[in-house]
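Shared between the two complexes below is chain A, which pairs with chain B and chain C, respectively.
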Partner chain A sequence: MQYSRLPVATRIVLRLVAICCVVFWGCRFLGNDCLGQDTTIRFEDLSQSSQIDFIHDNGSSGRHYLIEAVAAGMASFDYDNDGDIDLYFVNGAALPGAARSRPPTNQLWRNQGQFKFEKPSGTYSEDRGYGLGVTVGDVDNDGFADIYLSNLNQNELLLNNGDGTFTKSVDETLACGDRAGGGPCMLDADGDGNLDIYVANYVDFNFDIQATKFRGRTVYGGPLLYDKLPDNFLLNQGDGTFVDYSQASGIDENREWGMGVVCFDFDADGDTDIFVANDSTRNLLYENDGSGSFFDIALLAGVAYDHRGDPQGSMGADVADYDGDLRLDVFQTAYTKQLATLYRNLGDAVLEDATLRTGAGKGTFYYVNWGTGFIDLDNDGDKDLFIANGHIHDNMDDLDDTVSYRLPNQVMQNEDGRFRDVSEQVGDVFQIEASSRGCILDDLDNDGRVDIVVLNSLAKPTVMRNTSKPQNWIQFQLAGTSSNREAVGSQVIITAGDKSQILEVHSGRGYQSHFGSRLHFGLGSAKTVEKVEVRWHGAQPQVFSDLAANRIYTLIQGQPPESSAEVEIQK
Partner chain B sequence: MEQLTENSSSRVQIAIIGALLLVAVGLLGVWLYLRPVDTNVDRISVLDAPIDGFDYQPDASAAELLKLADVTLDDLSSRFPDVPQTFNVIANRDFLVSDTGAAKSNWTKAVELEPSNTEALFGLANVAFEDTRYEDAIGICETIDRLAPNNPKVPLLLADALLHAGKADEAALVLEQHLATEQGSVQAIELLGNAHLQTKSYEKAAQCFQRAIDFAPKSKDAHYGLAQAFARLGDRDNAKRFMERFKNIAKEIGDEHAEEAKAFEDRNYAAHVAAQVYVDSANIFRAQGDIATACNYILRAHRLQPDVEPWLTELQRMFFSNGQLDEAADVGEHLVGLAPQDLERRLNLASLYADLGRADDAIENYEAAIELAPDDPRCQQAKQIINQLNAS
Partner chain C sequence: MTEKPIRPVIEDDVMNTPSQPARPGESPSPLLRNLFILLGLVLVAVIGFAGAAGWLDDEADPPKNTVSAPDSFAQLETPEPSATTAALGPDDKLSDATDAVRIPPLSPIIPTDGLAMVEECKGVVEHLTTSLPSSVEAREVQARFEFEFGQVDEAEKIWKTILDEQPNFVFAMRGLGDVCTMKGRLEEAVRYFRRAVIFEPDNLSRQLTLGTAMLQAGKLAEAREVLQTVIEKSPRLSAAHTELGRVESQLQNTETAVEHFRTAIELDAEDSQAHLGLATALAKLGKRDEARTYQQRHIELRSEQRAELEEGRRTYDDAVAMGVDIANVYVNSARVYLAGGLTPAAELLLLRAARMSPGNIDCRQALSFLAGQKGQAYEAIRWMKEVAELAPAEFNYSEEVARLYLGIGQPDAAEKTLTDFVERNPDQPFALRSVANFFLEATNKPEKAIALAEQATAIDDSASGHAALAATYEKCGRIEDAAREMEKAAELAPENTVYKQTAALLRESIEASPEENPEEDSQDKAPE
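Right after this comes the complex of A and B.
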């Protein structure tokens, strides 16, 4: 057939097809950049070579106790102050019907550098309770980070002795009775320089409540089968003891099915507020009056429900400023057939569900999302999202062909305030399918790129090294003197070039986990940070000028910055 | 002497027994005279009678019930392999049991057989929406809209997909167009309110949600949206007022969900799935002219999930069209039992009785209908029929 004999319309179509082919192959030849579909974020799988042989045990025996499905969180922090960020995995314990020849315990893994980890012996950090959540903070301001664990029964505080060992606190108030804990976090609620503890409680757990049958198969019954419990708020007396301040603080007034918690100054009034992600019911946002008294304003603030007023199976939560307006926004993960939700902070104590506008929930509908981190993964100066996925039902593959028990994790790249799911392009490690729960995002090899470790239910963790295209960065390790020692609640605002960024030090975030005590900023092409403002929690701010990029700075309250040597950017 | 006494005692006994028998026969006669006349006294209603070929045990497990659905679908596939609707029925079952991938594949087969099959296209649009492929969902909805412009479900899904794709302005246009003809669609009004919230047109959003509340005073979504709109407009008092109302509605719904979760029975869910498969399959048999099998399948559905009124109404219609008037009347009686105040059903049943020659039953139901709505024109006609029935 002669081309010229074709009808005009067909010729036009063929010509367009030809042009598209040229553009498409041309773009492939040029490296895809002109299609706008490329990402510089890359991760490699170092799970094997990291030497970590921890295997999470949810204590199951086939009886399908709900609590098995939601375990557990993990933490990253520098327990021995050697400058390397270490890992702490929370583990379950044998539940009725299960027998274990060796009882599972939590495990601390010391970072030896070069992405090698070892399990130090004799640290006494191996709590044997049925672990659900963890947070880290220096409750006694001795310069060494302590561990608080929320368990199925009694919670525990492990005090860091500073010599590589921990001692279990004997303060019974910290146990919070026999409640099935959710996410714990620490905050200095009353500005006295001591870290207080907030613990979300999940359900009034009862072994007598039977598993549910669905399509003839045994599955976990949801939280709706259980009674709700109020959360706990423990006020640090500053003398090594805590008082249960739940009632006096107003926390006791609400009862929901609590999961992930993140504390942050949502209304920029200088005190720390609390966001609680609740499963299958409204979220809570406690506004702090500055004295440690709280009032839930989630509904009015717009974060209790999604944009249609529907409660979500909220799991984890994290906060960061995704749109560069220097207000901290909230991202929360959710259950299957819901979208993970981004709440944009509009100021004046109002947030709006910006999920649809920003595409932040795209690709999350079928998955159950748990851990999350709102962190700059490509050092381009804006905050990307990591989401850890995995279903609760271990027989999900027999029940639904859109989703499995084991799922791949996701990366959503921030592109000028809109998010794009780039998971398929960031490395084979994102093809690994596991039933992930808690996760941490921290720079584990001190190369200026944020790495990721994910706790996988009933499996080994996934250890991911960030090998993204290098760009400039800066990190700050804060140490309070009049503020609490870990500087939890303090904020750092940097200006590099025409861009300002804000980060806040948190204790407890994501899904019942803790990470990111050392603040990480991506700088793109900027080699100098012209201005650094440190808003110490409950104290006067400090301002520094012209800090060189690609270094880790230690900022001790009231002192000039101390810098590490420049970290050479690996090409 | 003793012999004499014995003989007279026997006679007395016989006399007493005879008298008792006479009384019993008399009572039977009185009962037969007074009892309601029912010509079908020995007939078992078609809704209770055994169903041909239906091997169903009332204590069947969820897995067994789902197996019944599988067998039905296998049968359907072998009988009507080239009928697009067959794949729609299979896809509907897949979608119900969350096998969305399989549903997508079956709807795709239906579209391959019949590119203009709007039911399959709508299924595919739903799958694309769930899969967060909003642009695909939008494209498919636009295709359906061209093929069947009056499908009221399509503009709603299209608008929702546009909203999720961040195209709130376009969503608003679609909804405004839809609302020009479907003015009372609460879902459309609420979606429009959400579109206005997305575009920061808070006044318009508030108007929409207020209108939705006028139509549906207990709408959770509308109360939430209205409170959001007021909050954005800086009207904190009204925002609080509607938040408070929303909170109460949300709590009620939350409590209901918790109760439902506690009462969840896997078997009931499986029965629902199997019943839906039977009903969907019945529609195919009916379309193929096999009314007997269609009726049989709806009877099976009724056995699994009793008293779904649209199914029974359809069954009655099919029995009637197939000339099975007794069976149609059985279903009609059941429908009247479910809603004795329903005029339509009374008149329908009365008419069926009249056709069956059961004049007394017909009159009784016509009278009941007249009592329900004496001024209804159909009841005036009913009076004439009663007169005719009495005369004959």
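Right after this comes the complex of A and C.
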């Protein structure tokens, strides 16, 4: 039948259909930006080609000790100061009932560049304790980052010798007794230029406490079966020794089931405060009085509970300014049937649960979330969110449709302060299902795009290279002189075009992990940063002007910036 | 036509065996065979009940009486139960007489393993849906079972099928809302809950669920609208005020949120979350001192709740908890069996539920009802007494026990039941008045009636309280007192013309024939 012989109405309908098809497929071909649905964030899976063969071992034997379910965190940092960010995976150890022919150890993987990693031998970084959390910071201000590990039993400080090897500190204070540690972090609490250590403690662990039976099956019991412990605060005396300052600082007045920790200056008063994400109970927000004494203000500050006033199974936490008001906001992951929660900082020591309004928790309700981080994944100038997922129950998939041990991870794209779950659009690597725990977000190939590595329980890590559409960026590696060497607690505020952004250097964040010592800003189309203000922790700020984009700057306190060569933006 | 194959009945799986036709010549005659079965089962039942549980308590079986139905069963049409396995406990061994009835496949011994419990329950639910294939309620029970025990996808499938067939079936809408919530499909959950509310517009609980679901899904403006409607209909529902306070907080209407949190606390001073909501909202408004007051109260309330929660978690016993959950499934299944006319199956499940869940009131209430239906008054009383013991502050149950005793001509036992209750619960005016009426109407003891009625009014100094006392006085012939109390009622509720008129009538009657009031002279001697 000829087209012209069709009735007029039919021809109109056919034309409309044709136009719609052209518009639809055209938009898809052009990247779909015009539909407002697509994202430019992309990741590819380099787990195999990265050569990392670490397999996490939670030491399980089927007895289902709670501690197996919550292990472990990981770290990214440049341990050999070669400009490439290296990886450190925390591992478990054989628990009663489990036999291992070769004891599992933590593993340091050196970044060789081009997304290739090698496991250097003889570094003495392979702690054999049952590892749970890790943080990194230069506790002796020697210019080389040290590792602090929170373990099931005694914690460890591995001092970086600067020659590619580490030495265990013999200071017994650092062990924190035999407590089952949660997230550790470092902060200069009293502004003396030395990094102190905060360790959240999870439970008063006891192998005699039986696992829970659920519907006839042995499963991991929750923390409620165990007594709570106060957290530890260790004050660095600057001479290589630490004192247990938990009582004097007011930290041990509270006992909760501690998980992720992040330290930040929440009230912009120049000292570092502490947010502790606690499992199945209220969170803590310790306000620092500037001298290293702390007082919990979480309840009135609005971060103890979620918007319903319910305690959450809080896991990991991170902070960043998601809405461009230059105040640091808090994002916290949670257990299944709860929304991961975004607390917006309103100033005046008040935060509010902005999860529902911003969509930050959308898509998280079904999952158990662990590792997380705020980072500008598409370099558009605002902070997106990454969330690592995985259930604790490893034997319920066949019994319960609502329990999946292995789950895909998520990316929430920030669009002018509202978040959209774009996980299904950012690459096949986000379809991989694993039981993820800690994660790191850092630029592992120095291409100006932040990559992601995720520690998966009982499996190899997932290594994700950021291949998003290139946009301008700038990175800063800070080095304190009067401030602590890693510049932990220092803030950088940049202004590029009409947009200002703030970042703070943290030691310890996400789920019992450490990453992001090198600060990364996405700049969108801006090729120059007009103003950079560095608020050194406990010291006078410095201001720099007109720094070119797409470079990594080293900012040594009191000195002008040193720039790397311009990194060509890959097309 | 092919003859069905016969397989031997094995003792352990006898309960699984559906009714099977006998082979010709295998038994003397169907009539005789059934008679033997009937007699055997009655014997087993009597021995089982009397011996195993001591239910008869040395009392002779009374004549038949009619037991009033508990609420949840009142609406069901319950056919006359046949004397078969209905009276059997699940541990009782059955003969192949079970051919005569269709009973769900319960194992002879209650499983102690959680997985085995679920398997057995699954078999029961399948039997239910197979026995009553056209019953949508049976499939609802099945879907709820699948949902509660983790097979959410299967539950969703069943509920969707039900909705396809019966688009107005509210239970399926609610079930699908629950499924979507569980799966994190919060917006879809809202759609189902909203649909359910359309069919149950007066159900405030459903509307509250909808409002909560909307809040959770981030539909703040819609949540506000729904919750405002709930509050319009029920301004004293504290949970609605707390929820609306949360919504207003999210909408950044902090002042309005404060109002709702304050109202919630006025209505329920123990609402820890309203205290927290108010504290954080006040902090947001900069009223930190006042905020700290509510924060402190919140901490106190929360610590009490938390201690309970932690204790519950530490003492959690999977087998016990599963027993409770599965007993609920069995009770719901029993309801459907009853509605479908399969009373023996229902009764068997109710008995099993009672054994699995010592705290389950529903099954005991239903068993009492069924026993009453069969004229087994002592069984009915025994079950209802268990219910009353489980809920010692609930007057209705003790009242029901008393009514049952009266039904078999034991007013003393009835009186003891009621007086025990009011001694245990001296602060329940309604119960006191009801027992007062009992003394008037059933045992003719006006002094006791007056004492209790006065006790009730001392607690409940309301217009209706005085009016009730007046009625008691009047029934006891103390018209002067009756008139005085009715005048007091009229004074307390001047808008109530009935009180006023009744008081006037009482006065008139006193003035008309004062000599006819025999009690007048002895007023001062009336018991206080």
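The working rule: the second predicted complex is superposed on the first by the 537 of 571 C-alpha atoms of A that agree within 3 Å, B and C clash if a C-alpha of one lies under 4 Å from a C-alpha of the other, contacts with A are read in each partner's own complex, and residues count from 1 in each chain.
Everything that follows uses one rule, which is that a residue touches a chain if its C-beta (ideal position, glycine included) is under 8 Å from a C-beta of that chain, and two chains touch if they have at least 3 such contacts.
All values reported here derive from a predicted model rather than from experimental measurement.
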- Overlaying on chain A: chain B and chain C, fit or clash? clash
- Query: Which partner does A:367 contact after superposing on A: first (chain B), second (chain C), both, neither?
  - Reply: second
- Message: Output check: A:123 vs chain B and chain C. Expected answer is one of first, second, both, neither. What do you get?
- Response: neither
- Partner chain in contact with A:475 - chain B first, chain C second, else both or neither: neither
- Please work out whether A:356 is in contact with chain B alone, chain C alone, both, or neither, and reply first, second, both or neither. both
- Check the residue A:246 against both partner chains and state whether it touches chain B (first), chain C (second), both, or neither. neither
- Considering only touches as defined above, state whether A:345 meets chain B (first), chain C (second), both or neither. neither
- Query: Once the two structures are fitted together, what part of chain A is touched by chain B and by chain C alike?
  - Reply: 212-216, 222, 224-225, 281, 299-300, 302, 305, 307-309, 337, 339, 350, 352, 356-357, 359, 362-366, 399-402
- Can you list the chain B residues touching chain A in their complex? 61-63, 66, 97-102, 130-132, 163-166, 168, 190, 194, 197-198, 220-221, 223-225, 227-228, 231-232, 236, 239-240, 243, 246-247, 250, 254, 257-258, 261-262, 264, 266, 269-270
- Query: What part of chain A is in contact with chain B in the complex they form?
  - Reply: 212-216, 221-222, 224-225, 280-282, 299-300, 302, 305, 307-309, 311, 337, 339, 350, 352, 356-359, 361-366, 399-402
- Note on the structure: In their shared complex, chain C is touched by residues of chain A numbered 212-217, 222, 224-225, 281, 299-302, 305, 307-310, 337, 339, 346, 348, 350, 352-353, 356-357, 359, 362-367, 396, 399-403
- Note on the structure: In the complex, chain C touches chain A at residues 113-118, 149-154, 182-184, 186, 215-216, 218, 220, 246, 249-250, 272-273, 276-277, 279-280, 283-284, 286, 288, 291-292, 295, 298-299, 306, 309-310, 313-314, 316, 318-319, 322
